[in-house]
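Letters A, B, C, D, E and F mark the chains as written, and numbering starts fresh at 1 in each.
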């Protein structure tokens, strides 16, 4: 703590910025893309602003007893280069970058970027680990087939993953789902695939510790990926979301969810959909930085005391 | 969903903009007035901004099973013209416009505007339906007699209504009331009229489903009007309110209240006091758009499956 | 002037919103696209916000004596639908929409959207009129060949047009060019094509009336298109620009440019690159609305008294 | 300079706040009213925010040599109480308050408030001084007869004044006029009354020192009132204006105008139409505070060295 | 209520501004200092903005039955002058100012300012009352020894107080503590001093009425100081905090804490760390104004009915 | 140009971030300090935000023909660590850091930070070069002796430098000075030292090319330092300034000043006083980034073609 909070070029948690994942156990990676959004843009600046707010984070988690930096080699790998004018090409660039990270045995903790990026990331993850379980925290299921003729956008990543066999569907849980829709039972398809869908209204004013006990049962000890869309939280806590929906989760529930993953075989994590352009106080990015730190603390090899 | 969210001149939920209420079961109507406010202005831009954020809404309510557009003819009637320099004249213009809407058998769903507008709207409603019951969700009782010599402003609409016999006082419920006041029992007068006054502090950290069961009992099946002041909600959820008060309701409680009206004989609804000038993220307007959609879903003739 | 400024669903200058260009002399058209940008997004909301601020405009231009609405049938055609996740498909949608508008003999006045949209618009214009002259007001030449492998983005539209023969290169003028660059003579290619390139630094603290005299000489009486990028202006006047550059033009110079087009054979106009997300006061959109009104006043058949 | 800039309850220039004008040569007075506006509200917070930014002002004017506080007894009289729900009643309250100020021989320097307030202020001024000359700096002439049936709003004050004979019309100058209008010669009526109307376009890129020489000739040594609407300035300098118009004056021109009044028989001054709600940086209020200080420096009895 | 909310130079709750504490039972005092912060500045404007938002407060507390202005002589003493370039000198100025206030028998209710100011205030308090109990509501313990070589900053005030014997450590309670840290048991030192440390996570979704029963037991009837750091609350409610931490307390819990102090021997109160620069809606300041009013209502001699 | 603008951890102009100045001809250095300010804070975030906006800069200056990166080894040295709670200690840290940079033969281009930082930087510069000439562009002279008892703050740096003999006073020029003051001839002291003081009002609506010819004469070919306070510019162009003053310079004048330094023996440069907290669009930081690039282009050894 010998350097002022305001000092220095902003990397995630002030970690060293490295070009290669070799030798790292885990790494923060930014994906500054937002051309998969359907309404509010700005997630292209998510990684930059999350890094900025992460300067307030300290190294130890007194709530869980996690000592991440004593257990893991961690760095900031900077951003994946993206093509801001071509979403398909961006997906290719992301997939190739993540294949290298994953091949090096490094667990990626992604700073999004809109939710489209999950599709190429999971392609890379599944290439190494096979179909993975999924903990998906979001206001939306992101299981649309196509919209406006496009298979690739931020409403479709998990449909793409299911269609390509990247997910172990019996080990998929979606938490926080809500909002108006185009059909009366929008959850039917997901549930028919084996997903557990937990609605936001079933979480209102409740601790999610019991739910996470069940989730841990369901996902077991095989590889699981955590995909956290900031819009899972109520817009009061996360005004800077690309597609906010009212009556969402609280930060304490978000912590219960992530802390509830301790002991699972997490092979990758992400925090997506932060749009700083709708976040004048910077507090959405601060929340995202904290959730990414908590995900780091929940990784498999982290020492807990 | 074949049109991009950002496309088009913004009507409420992208409904057609019509000039006449004839043939409509229900209609959204804007009242862009804010010269009834006592402190923060800006509600004159409420209708415009609520319409903008309503582009994210979809057509079906999976939580309640409501299919509003399969059951009702609904349109956006645009805005009532108001006189931004004369509050009494504005009230006349509003009353005359609503008399026509109500006479056509069309249920108005109003996008306010400050709370003063409720007085002329209820004049029009009562002209057709006689004295009506009232579900009034607000941080304030809006029952002042006069302020600075004025009978008409956003702190007096319900006093005007009581004085003119527009309300069926035994069927009036006020929910969310709080804040400092000028007298120690500011609720006495309301209660003496027969109102049920539910304080915000009696709602803290509670589901309002049981309360709404009692409310449904109290109001029965005769006509009722829903008046929702966005400041009923905590300023965290609704920063863009004209007269925010701390420690208010949550969006999940707001949904419980509105969904609890299903089956009642609702003859009109309104969402008032959204001031976009204090809402940099637009999320107060988004909340308002959602609550108006939920009111639409709770209207009498809506098919529920 | 009998309707309050705040009243009503916002169309451009409160004109009627029509679905078809038939019978119109000119029409405002929105293109809510921004996935051609390279840095700051938000132009997708340009049309919406320009329409909002246009409510302050009145019908007559006392400076030029133009009476546009007494001479022309004008309407707001709403927005072209775009594909926010696929730039090539958006270009196709724009081209097809403009082909219909132009075929109807209606002069389009476009509310952008990022500058990429000029390419498909000029495809439609040239299909009817053949290669056209161009008055291009911008901080940038937008003549890049490719960036990141992409031929389509907001830095390339005029290169695409030149390559496809849509421009009458001897009748092309670019005004306001400035900023750092990748090569020392970035203007060489343009000038080799026949363009006149007027640097911003040659406009500093000068009236542009003499320049426009020369421009009128150069472009003659054959068809000309006006493409106005809001970043031509200094960021002080237009903070809400996608790619602001310091030391730009002033609004009075912008008016001198547009008013200097009176008498030319203008076959289309556009105002692009307004990003409301960087324009908290709304004044960039207000400026854009005014410039579009001035373009309307400069159209060929407008009565001048 | 012994007190930190941030310290203290904000009065104008940190002057003492007094309840009575007795014994004062001049006084700052706030009029926190905005229900005379036609579009953007917020001028009700003008006086508060101008006072805040005035803490940066120092006591001497090195450009003009004015020593206002060595020559005049000056204080802050606080705000006139207004009726935010009734414009006519507000005008009465303002007129009565100013009659007392003027009767005490105190020159009022008003912090507006929308431009409607000028009418009751000039009623009070003319009651003492008879019809006065006027230097009116504004984008608009504010000479409308009625709008929406109302004689009182921020577009009519000078028409009211002319109709009541409060102005010495041959000694009226309007500077900065511009913008679209409803008729082709909107200046005809004013000029027919004897006003000199100086258009903004005749000021572009010019020093106004020569103009002010002519103005001094025209107004002579009889009483004159200065009415400065902040929208006279370009929105780049004054984003926080209620009715901004593009291509306006610059701050240096504003200083030339006010400094050009030195030696005139100024009996009152005002700076109106600052809306802090459109001024996120506070710099419009800072500009207003400076212009009010310059007006103070230009008052008749101020020592110049 | 005869004066418009927007009228007048802003003192706290519109109380008279006095220069001397003589004869007062309690007084609001501002300390516009923020050079003790470690990251986000702006608390120097806290007092100014809290006063502004306090205009919405009324005189009576219907929830607790408190009639503060019928029981106590209360005024606004304005701001302590501070040295914005020298923290040690500021502490001296604050201590001296508070010694005078406390000596006069006046209970100070402080509008901060960053948390550093508590150290000199408690020096003054303890000079009169001896070591006092402390109710400290905060996300942080503020018990650091030194940071960057400095003993004085907003992370150290209570360590300074303990080291100088200003606190009765067995009667110290800290509520709301949370966040990442540098050591796994950051609470050990505090607890070893006798403090009760209540973590935010032990408050989630709970009423704090039972906790406050225990607190009242612990602190007894000897003098106690209330130090409320606005960051104790979740950033959703208090975006304008200098050092926000996620997953904090709610406003209803804050009210339960303060109302739970009724009957205690409170000798001083403060609300610190409001930074208006991160609070575009002003609602953090509004919350602070309300909490200060509630503290006033909880003072020993206030009549409760 | 193969990397998207939004990609990557933000260094100045995307230059490599190095820890040592060895081998560099010039380097950008941040000094994130703002506790020398007297009113608006936030310059602590100046370096961060200037780096962010610098991503839009390209490598060549077509206006001057400068090819800085072909002539000089340039890097970003990150930020000097500062003590945000102790201004004197910060000055020591800055001086020590700059002594190392200067000793390595590297020309520092500083991203401020408030203007206080110039004093320790010039101590380091003068230690190597002896008393230097100064081109000081600012609204203020920053020659105060003491304020509130403090010799160190952002209003005193040049007085400190004169008193310590760090400046070659006959070769000092101050441009842009304006605003109210405490004495009628605030320039007397400076001029008595030999400074040339050029008032803003002598620059209004003029090209500064002639002035810069005279300045080049005056400063000759001995070492000179460029200190550019962003408040020299009008607040329209630089809203995010710590101490804005109305009626300032324009960006084109700023470019004329800096470009007019080409050929001088510049030994260091700085751009200070950018406060991102008052710059919602980011355009003040963008302007600062451009001016720093122009300073780089004007350095002695830069190839001009």
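Here, a contact is a pair of C-beta atoms (placed from the backbone, for glycine too) under 8 Å apart; a residue touches a chain by one contact, two chains touch by 3 or more.
These numbers come from a predicted model, not from an experiment.
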Chain-contact steps, minimal, separating chain C from chain A: 1
Pair in A-B, E-F or C-D that repeats A-C, with over half of contact pairs matching by residue number: E-F
Furthest chain, CA centroid comparison against chain E: C
Chain copies touching (chain A, chain E) - same or different residues, decided at half shared: different
Label of the chain whose CA centroid is most distant from the centroid of chain A: D
Interchain centroid distance [CA atoms averaged], chain D/chain E, Å: 41
For chain E, residues contacting two or more additional chains: 2, 4-6, 38, 44, 83-84, 147-148, 205, 234, 236, 280
Complete list of chain pairs which touch one another: A-B, A-C, A-E, A-F, B-C, B-D, B-E, C-D, C-F, D-E, D-F, E-F
Chain B - residues contacting chain D, complex: 34-38, 41-42, 44, 83-87, 89, 147-150, 152-153, 277
Interface residues, chain C side, partner chain B - complex: 2-11, 17, 30, 32, 44-45, 48, 51-52, 76, 78-84, 280
In the complex, chain F residues that touch chain D: 38-39, 147-148, 178-187, 199, 201, 204-205, 234-236, 239-240, 243-244, 246-247, 278-280
Contact footprint of chain C on chain F as seen in their complex: 1-2, 4-6, 55-63, 65, 67, 205-207, 234, 236-237, 250-252, 254-255, 280-283, 286-287, 290, 293, 305
